[in-house]
Structure formats: structure tokens, C-alpha cells
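Per-chain residue numbering starts at 1, and chain names A, B and C are given in the order in which the chains are listed.
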Amino acid sequence: MAGSEADAARALARDRRARVLQALGLTAPLLVFLAFTFLIPIGALLMRAVENPEVARALPATVAVLDSWDTVSAPPDGAYRAFADDLLAMAEPADAGGLARRLNSELPGARSLVMGAFRQRESFATLDAPAAKAAFLALDERWQQPELWRVIARNGSRWTPDYLLASVDRRRDATGDVVAVPEEQAVFVRILLRTLGIGATVTLVCLVLAYPLAWWLSTLPVRKANRLLILVLVPFWTSVLVRVAAWIVLLQSEGLVNRALAGLGWIDRPLELLFNRTGVIIAMVHILLPFMILPLYSVMKGIPRDYQRAAVSLGSHPLGAFVRVFVPQTLPGVTAGVLLVFILAIGYYVTPALLGGPADQMLSSSVAQYANVELNWGMACALGAVLLTATLVLYGVYRRFATGEGLTA
Amino acid sequence: MASDPSSVLVRFAGVAKTYDGTTFAVRDLDLDVRHGEFLTLLGPSGSGKTTTLMMLAGFEAPSTGDILLDGRSIRATPAHRRNFGMVFQSYALFPHLSVGDNVAYPLNVRGVSGQERRDRVARALAMVRLEGYQTRRPSQLSGGQQQRVALARALVFEPTLVLMDEPLGALDKQLREHMQIELKALHRQLGITFVYVTHDQGEALTLSDRVAVFQDGALQQVAPVDRLYEAPANRFVAGFVGDATFLEGRLVSRHSGAVELELPGGWRLRGVDGDLGDAPPGTDVVAVVRPERIAFTSEPAGENALSATVEDVIYFGDHLRARCAIDGQAVATVKVPLGPRPPVGGAVSLHLPAEHLRIYR
Amino acid sequence: MPPCLPRLLAAVLLSGATAVLAQTTVTVVNFGGANGNAQKKAYYEPFEKAAGVRMVPVEYNGEQAKVKAMVEARKVTWDIVETESPDVDRGCDEGLFERIDWSRIGNKADFLPAAVHDCGVGIFFWSTVIAYNADRVKEPPRHWADFWDLRKYPGKRALRKGARYNLEFALMADGVKPADVYKVLATPEGAERAFRKLAELKPHLQWWEAGAQPPQFLVAGDVIMASSYNGRIDAAQREGRNLRITWTGSIFDVDFWTIPKGSPNRDVAMRFIAFASDPDRQADYARLISYGPTHSKTLGKLDAKVLANLPSAPANAKDALRFDFRFWADQGEVLEKRFAAWAAQ
């Protein structure tokens, strides 16, 4: 008896192992794919948002000297000597370039200071500390400003919170406390809020437009509904740029919409539909609408008509039955659609760039600006991380909402 | 219910329903539903029974004719004002509400609140023996429990009429039979009028006071269950309700209800007039007899006797059924008490008593 | 299969042995549009014939991120890149580009000074100018003060979205002489002054992002004046549009040929740059699109009609400002950020 039980247990374990192996085998290609296309890039993005190698690599001696500096008084002469040594030790000009860019993004003007000194580095070779300081100051007076040396000291470690702080309009001051950046530099929080605002508006408009349409589609016979769903997908058939160009033709002040409205005598001067929030929202709603319609439709299609009939038979007015019985059951579709549209919307970049004004730019434009134009990838990654965090927070809220509602299949 | 049990609660008067203007889902329907009765609308799918129920519920409007409730037309009364409880085959319990909230729904709609609502919900759940299930979600209940909740919900607001659309169709056989008994007990206990739709004739016979049989949109017969079984109005009803053996033949003669027909093999049988009307001798007719009315006989030449061969004997627990082949006819089913089995392949003589042999066109 | 292979090989060899075996493919990256087409006609096609290489043009929008990524990954697939001046300077510092061997290009002194860089050879001068629709404006605007004069020229104006150029224009409109613009802008008060001046126009501005937009806006009547790249206005004129340019206070800049560091074809690339820097080639190019040549001997080969539309023509360059890429390399990030903050308010 015991023997056969042990045999059975062994067979069971073997069976389970085989199943696990099979599952692993079947999912392995996807897992590998995801690791390479998703997890590793996101990990790299988060790394770059806090990575700060330029100063530590280029200026090891200077950082060591500045370690004992109080950051308030005049920088020690030894720092100038060490800086000259670091410049002389650089193997590649690119090291100086990277250092210059890094310092410049914190202190405008630092680039030309560093590159100027780098070009003259041979002349510093034999000078003692006070003479080195004099030589730097002769090159440019700005070498004596403590802020420059503070920036170097602050960035002496390989990791920094500065990009992330900057992406929420904060910075470390001279004493290392986190403070708000000056008003005229405070931009990302506002852009983030605007991004979330545009996302919310687009989501809401999509929901309002999609809900009745999805409901109507769900009442049709499947074949007819499928034919109409193809029309819903039409926006996907054209590229972003073509769509944007089409919207410009339609919405510009001499465009079709304005001319039609003027022709009907409804307006006497063109509405401003383009290069403002209206244009951005119209175009984004257009492209994102299917992402709302499809989940709503699939959920609504699965809700039997009996529920509403039951509610009506129990004495509910048909409208009341719709609101109290049908609508609550579509909530999984609503949350899925809302989440999908919102998350896609806050990542939009091309549409607001081409159809909006400067007050309609979204966070992705800032990411692109830093990645493509400023080549400040640390900042680009930090802003990306902010967007990612916002998305994850939202998803967390969705999960709580979805499970809290007890809407299980 | 204090009303006179034989008085009419609902009257369908010349009701017809068409969706496309040419084919009729229901035609020429005249049907009364009496106070307090359990009336079943029985028929195969597409026979018009469900359409009839939906017209009564107010989800479909009659194309012609009228539906009267206590003598007043309810054509213009929307479904939610009719005060009829309804139970669906899919249960249609609201999945986002608890059992208690489901049952409270019609009370909420009617503005019943507070202690009264709690009491009535509790009473309704007790009635279907689901005390203590108030806070569960419908998805946590079994099919039978869900159907009982649906029933409690349809009864809690004391409706004038309870409509049920194949409510037990999704349950397995045993549970279905169990629920049939409960339903019937509940009906007796409450005295509310039930209108019940099913395609299952056994269920119809078990539950109902009266049954209305539908086919192709037309009402075939409405009668108490025993009349329906013993005296079907036509060939369709005879075949649809209960088991029966059909024998094809030709009408020979009629004398005041006593009918004689001849089978192709030359046998002459006497029977009762089913729906012959003024059919002349020579008309093709069919004789219908229930399995329990056929008996084995030792007199092959006796009156209303046929010779047959036993093809098969099937054990039914409390009785046997012998399937007997008759020349030129469909197989006849004979109900046989437990005991010695007729030998398979053996020749037997069957006696079909004339008073139980009904002749139809 | 085996018997076929030799025959196939023979056929290939006979059909053009030298071409097939020796032909190198060089990828050249430009900004596309009319400019890209002009480069193709004036430079790529003649060079293909002369050198027996294949030139594959690729379009981009000037994002240096791609160059940086290629160089960092040591997988450089771009051989020659048309690069804007601030990016040449910065990329040179950061080691993104090969150093130019000027001895192979020609005599440094023959090139206009602005077109000479350690890592780049100037291709052409281009300008950001005041453009207007002559059908709608009675009196031509003479300088940026007119652009800012809302009473004299009511209506919307278009400026490029961003801080670049606009801050310079604002200071010039506020009376700063072209020679002092970057000195003033480098001070905090100067930047403040530029943003304040820009704010005067804010409700009347329509921003553009792509170079094709200003002529569109002008033709459609959406705006009364616009800042624009001069070549775009020239192209619209060639299509018969009555658009005009005011050169006073324009900002001119140079686009450069650069070679991303580690390009496997840097030798051919250098040959190409030398070829394209020839005055005759540059004259062909200037006839196709009104961007100014960088070789000092080219101007002499052009007739007056072509010259009149070039940023480097003496009459047009007289009151113009040279774009200071060093200033923008230092201050760009902080000014662009401030612009974004300002624009969002």
C-alpha cells in the first residue's frame, strides 16, 4: 500500500515536472522576446535616469580634491591643479565633450569653459597650483565662480537623483537640500499635469462618443456589426502623418470645416480649430476611439438582453434599467477602454507637436527634445521614468478598482 | 387571492404577431388565463409560445388583436408598469448585485425601503429556502440556487402574474424534477397566477393546471392536463404530449362517435372520433393509442386485436416497455408490468381497446 | 545546381565585372525636400559618375540622437551627414564626427570663415528671414520692429516653435543692434528682455515647426508675416506665389558635411566632400535652390538674378546676424526649457 502510494506520488511529481517544462518550453520564446524588447530596455532607461558617469570618469582627481571643500568659500587652488591634471590625463577628446555637456546642462556656459580649457591643456602641464588657478582665470574669469565647482563636486558620484529631481521641477541647492527650481525654469510638472489633463479629456470624449456607438453595435446581428467594426478600424489604416495632414486640411482657417460652417452661415469668421488644444484633442480622439469602442463592444456583446428585460419586468423604467443594470455590467469594458486610451494618450507626441501650439506639448515632446536635440539622455530617461511611473500608478488604481468591484469572470 | 378561481385574469383576443408582415409568429390567438391557475404554454421551438409570453410581458406588441387584464386592455401599458414578475431561463440575476440586492431590486424601484424592505427580502428568500444567502454574489451560487433567487425576486413584490420562460431549462434532470415539485408547491402556497413556457411536455404535465399547446404560431388545444393526455384535440397534440403509437389506416364508417377504420393489412379497428368532423369514408386517418392502454392478448382474432412481433424489451425500473413491429406500421410501444418478459422475436397479439383508440385526420 | 554556378558567375563577371566588384555604397543623409533634390542633382549624381560609387540618400530631421547611438554602438551606417552648425560643434567636442583632413578638401582660405570647422565643411548658407505675402501687405515690413508693430500690421504672425532665432529677433525688434544681440542675450537681463518682448506678440502668434509651414500659412492667409527659411520662400516663388523676403535682421547659418566617427567609408566620404566643395558644383547647387555657396569663388560664377536671392549676397548679408552656435551650445538647453515654460503659461 505504502509502496504504491509512493509510486503514485512519484508519478504525480514527474507529471507535474513535465507539465512545467512544457509550459516553459511553450512560453520561452515570448519570454526571451519580452526580456530583450521590453524588460531590458526599460531597465536601461531607469538606469540612465540615475546614471551620472561623466564627471566621475573624467575628473577623478578634481573630485577627490573637492571632497574636502566646504562648497561655500572660494574653491581651493589645488582644485585647479587637479582639473588640469584630469584634462591632461584624458585619452579621448570625447571625454572632455561628455564632461562639457554634462556640466553645461546644470550650468549654462560650462561647455565653452571646459572645451576652452581642454584645448589649452598642454599649457597647464608644469604649473603649480596657484599658477594653474591664475592660468584658468586668465582663460576665463568664470573659472572662479564657486557654482561651477559645486556642480563638479555634486556630480562626483556615479549616481545622481538630479535628473529625476529636475523632471519634477526640483533641484539640490548649494547645501544639498531639495528645493523647487526658479519659476521661469519650472516646466515639467506643468507639462505632466497638462499631459494627464489632455489624456483625461481625450479619454472622456472617447468614452462619451464610443459608449452609445458600442451599445448600438452590440444590439446588431453579428455579421452586420462586424462589417461596421471594420469602419471603426479605418483610422488604423493610415499613417500618423497622413492623418495629421488630413486634419490640417480639414481644420485650418480656410479648411473644409470652417468653409462649410461659414457657407451654412453659422459663423462669420473662421473658428480656430488648429494649433491649439481643440485640434490636438480632435485628432487624438479620432485615432484613439477604436481602443475605446472595441473593449466596450466586446463586453456589451457578452451581456444578455435578459438582464434589462428582467429589470424592466421588475418595474424599472427602461432608462433606469439601462443605468442600474446594464451600465454597471459594462464597467469592466469601460475601465479597460479608459485605461487603454489614457495610457496611449499620455504617450502622444507627433499629433500634439504638429496640430498643437507650444502650450499643448505633452511630456513625450520633452523626452524627444532631450533625446534628439539636447542629446541629454539622462534627462530624457528621467522624464520617461516619470511617464512610466504615472502609467504604473494608474494601472495600480485600475487593479484595485477592478478587483474591488468584484468583477470576476 | 380572493378572486373567483374560474374568473378570467388575462384574455388574448384575436392576437397575432408578425415581424415581417408575411409570416406569423402567432396567429388568431384567443386564450384565457384564469385567476390563480398554473397555465403552461407548451410547444416546440418556433411554435409561438415564447412570443405569446413576451407579448404578455410587454416586450413585444401584438400586431393585431388585444390583450386584456381584468377586462382592461394593456396594450398601452409599458412592460415596467404591468407588475408581472418574470423568471428567465438564464436566471438574469444582476451579477454586480448581491443576492439580497437582487431580491430588493423591485422593492427599491417601488420605493419600498427600510425595515419593510428587509423583511420582505428575508421572507422571499425564506420562501425559496435561501436564508443566509443575502450577501453572496449570484456567481457563488449553484444553478438551482440562482433560479430560486430569480424566483424570489419575481415574487417579492407580489405581482399580479408570474411569467416564466423555460426557467428550468438550464438545470440537469434531477435538479429540474426537484425544482418542479418546489414550484408546484410554491404555486399552491401563494395562489398567484403562473404562466409558464416550456417545450418539455413532461414538465408541462407535472406542473400545470392547464396546458396550452402551440404549433406553427397557432394554439392547438388548451385543456387541463388529464384531458390533454386522454383526449388530445388533434394528431399533433396526441404526438407531442405523452408517448403514443400511431397506426395509419382508412376511414370505413362512423356511427355517432364510434368510428371504424381499416389498416393496410386488412385489420379492422374500432375507435373514438378525435377530430374527424365530416370526413367521408375512405379518408386517410390515424389511430392513436397510449402505451399503457395496449395489452397482450391470447385471442389473436378478437375484436380490436393485431398480431405483432416483439422487437425489443426495455427495462424502465417500475415497468417494462415492449417495442412491437406491426406489418406496414410504425413500431408500437406497449407498457408491460414487471414480471416474465415477452420473448424477443416471438409473435404476440395486441389488444387496443376501442374506448382508448382515438382516430384523427 | 553545381553546373549552373560557374556559368552564372561568368555571366555576372562579363556583364560588368568592375562595377559589381568595385562599387562602394555610400549613405548620405540630408534634410530632404527641395534641398535634398538639389543636392542629388548637383552633388550625388555627378559624384556617382565621377567616382563609380553608389550614393544612397537618406532623409532625417537633424536628430543627432541617431548619430550618437551609431557611434556609441560602433555600428556606423551613415557615411556623410548634413549637420546643423550647433550640432557640428557639439558633436565634434563629444567625438561623434571624424576630423576633417582639410588638405584633401582644398585651400581653407578659399572658404568663407563661417564654413570652416574641425569636423565639418560648410555646404551652404541659409537664412531665417521675415517673409510676407505681397498680395496682402501694402507696405513691406522693413525690419523686426515692423514685425512687432501690431498697429501698423494687425493680424497673426508665425514664428518657429522654440527659443532659437525668436529671442534674437525679439532683441533686434527691441532696438538691439545685430552685433550686440548675443552679448545682450548672454546676460540674465537680456534674456528677460527678449522674453518680455516676445510676450508682446504672444496672443498674435501662430507657431510653426516644419519649414514647409510658413509659406503655407502665408498663402492661405492665416498669418500676415512669418519667420521662414529663405529657401522655402524661394521655392514658393518658383511656384508662382507672390511671397517676398525682408533680409534686414535675418539670421544666417551654415549647414555642414560631417562624417560620423567610425564610418567604414570615410575615405570615399572625404573624396565626396572635396568633390562637392568645388565652386562649379556649388554654383550648380545654388542655381537649383537659393542657398548661398561656401566657397568664395562660387559667387563669381553666378549671375545677378541668382545672386539676388542668396543669403550670402552682399546686399542681403549687410544687416544680417550670424547665428552663434557656440552661444546656443552653451545656453540652448536652459533657454529652450525656459521657452517651454513661458509658452505653456
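The rule we apply is simple: a contact is a pair of C-beta atoms (placed from the backbone, for glycine too) under 8 Å apart; a residue touches a chain by one contact, two chains touch by 3 or more.
Treat the numbers as computed from the prediction; the structure is a model and nothing was measured.
In terms of which chains touch, the assembly is arranged as an unbranched chain of neighbours. Each chain gets a centre from its C-alpha atoms; the one nearest the centre of all protein C-alpha atoms is A.
Between chain A and chain B the centroid-to-centroid distance comes to 65 Å (mean Cα coordinates, whole Å). The geometric centre of chain A is 31 Å away from that of chain C, both derived from CA atoms.
Centroids of chain B and chain C (each the mean of its C-alpha atoms) stand 88 Å apart.
For chain C in complex with chain A, the touching residues are 63-65, 68, 90, 92-96, 161, 195, 206-207, 209-210, 220-222, 326, 329-345.
Looking at the complex, you find that chain A touches chain B at residues 304, 306-307, 309-318, 320-321, 325, 328-329, 331, 405-408. Within the complex formed with chain C, the chain A residues making contact are 92-94, 96-98, 100-101, 104-105, 108-112, 115, 184-187, 190-191, 194, 252-254, 275, 353-354, 357-359, 361, 366, 369, 371-377.
On the side of chain B, the complex with chain A involves touching residues 57-59, 78-86, 88, 90, 92, 94-96, 105-106, 109-110, 137, 139, 150, 153-154, 157, 163.
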